[in-house]
Amino acid sequence: MPLWNIYHPVGTYTARQKLEFAAEVTEFYVQRGLPKFYVVTLFHEIPESSFLVGAEPSTTTVRIVIEHIARHAKDPAARKQTAEILNRLLAPHTLDRGLHCEFHIDETPRDLWMIDGLWPPPTGSEAEQLWVRENRPFPY
Amino acid sequence: MPLWNIYHPVGTYTARQKLEFAAEVTEFYVQRGLPKFYVVTLFHEIPESSFLVGAEPSTTTVRIVIEHIARHAKDPAARKQTAEILNRLLAPHTLDRGLHCEFHIDETPRDLWMIDGLWPPPTGSEAEQLWVRENRPFPY
Amino acid sequence: MPLWNIYHPVGTYTARQKLEFAAEVTEFYVQRGLPKFYVVTLFHEIPESSFLVGAEPSTTTVRIVIEHIARHAKDPAARKQTAEILNRLLAPHTLDRGLHCEFHIDETPRDLWMIDGLWPPPTGSEAEQLWVRENRPFPY
């Protein structure tokens, strides 16, 4: 968690731009107390004829699917804020470059999630902080 | 919303067939009051050795994952009807061509979804109708 | 149902290894009473520059997204057990080969799911057992 699947036109991002994009995504979650390695960002290049927006082939749309597992905001204001902060984070990589951008977040069950054979430690636990500090999973 | 991820064997659809497929998918949602550009259809070609159905490589299966965000049917009859209409829509692109077809719909939270830096207008609102008419997102 | 999307580095699995991997995944569900053909396993090769873990390009991570539709465990102990059994199943294909492995399971609505134009039979029904025996969907 979180998992980001980024569907984008062919050639939209160089290797360096993917790195920078993923670094900002990662930083968002690190600031909220999650270990760096929790954040997986996958880029998927979609050919024009396979990327239909409103039934028209698109070379200018980035469609992002985000899955949150470790943390689920409950408060409506907090949920709104999460989306708006991610929206601002995305702008330089999409809107500001003349690309359309749609994203949505799904929330999946925390108790059906494992990393490297281990149960991720409970939210806010000491073990979670250790995983943050060492940036790797280990038995706790 | 909706997002359709269509996983299909190599060469199943020509560019023109993808267009026609996506046009029918889009029409389904337009008839239910959604803007055209909400409908994103992504086609993913999967090589035979990577497409396992019941642990056997398949070149005859289309697997479709649909995510609904803007509208969630609550009434069981309405939910059944939605699936059955989509099922009929899919037949000419799959079953009638001798292809197997499995699809499922997931429903994700409407309040964690943004397009081009904007919150999509509430269901049935005047702003939503404006987005439908102009087929683009703009501040309201 | 179940749908497994396996995102892995380029060249991680040969065609034979994918077969063996999918066979074990399929066996897990068959032992729980599901027809073989319900189990769809898709392998996706992700280039190093598109596979970012904690914002670093990875060639050693397998990220698995599992969707459960036909069966949803309710009891916390049963849920834990499901994940732990899958975890053990995954080890020879990931951890034991020196690869990192993260997986999570999402649960999507059973009533928005169809195969080959048919509603999958109810859990534990005689029709479901017939589908198991014949390993194909047919009207019931």
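All chains are identified by letter, namely A, B and C, in their written order; residue positions are counted from 1 within each chain.
FYI, contacts are C-beta pairs under 8 Å (C-beta built on N, C-alpha and C of every residue); 3 or more make two chains touch, one makes a residue touch a chain.
Model, not experiment: these values are computed from the prediction.
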Taking shared numbers over all numbers used, above half giving same and below half different, the subunit A and subunit B interface sides are different
Expressed as a multiple of 5 degrees between 0 and 180, the CA superposition of subunit A onto subunit C rotates by 120
So, in whole Å, the Cα centroid of subunit A is separated from that of subunit B by 22
Where subunit B touches two or more other chains simultaneously, the residues are 106
Subunit B contacts subunit C in the complex at 7, 46, 49-55, 57, 61, 63, 65-66, 76, 79-80, 82-84, 87, 91, 95, 100-107
Per the touch rule, the subunit A residues reaching subunit C in their complex are 1, 3, 15, 18-19, 22-23, 25-27, 35-45, 67, 69, 106, 108-109, 111-117, 135
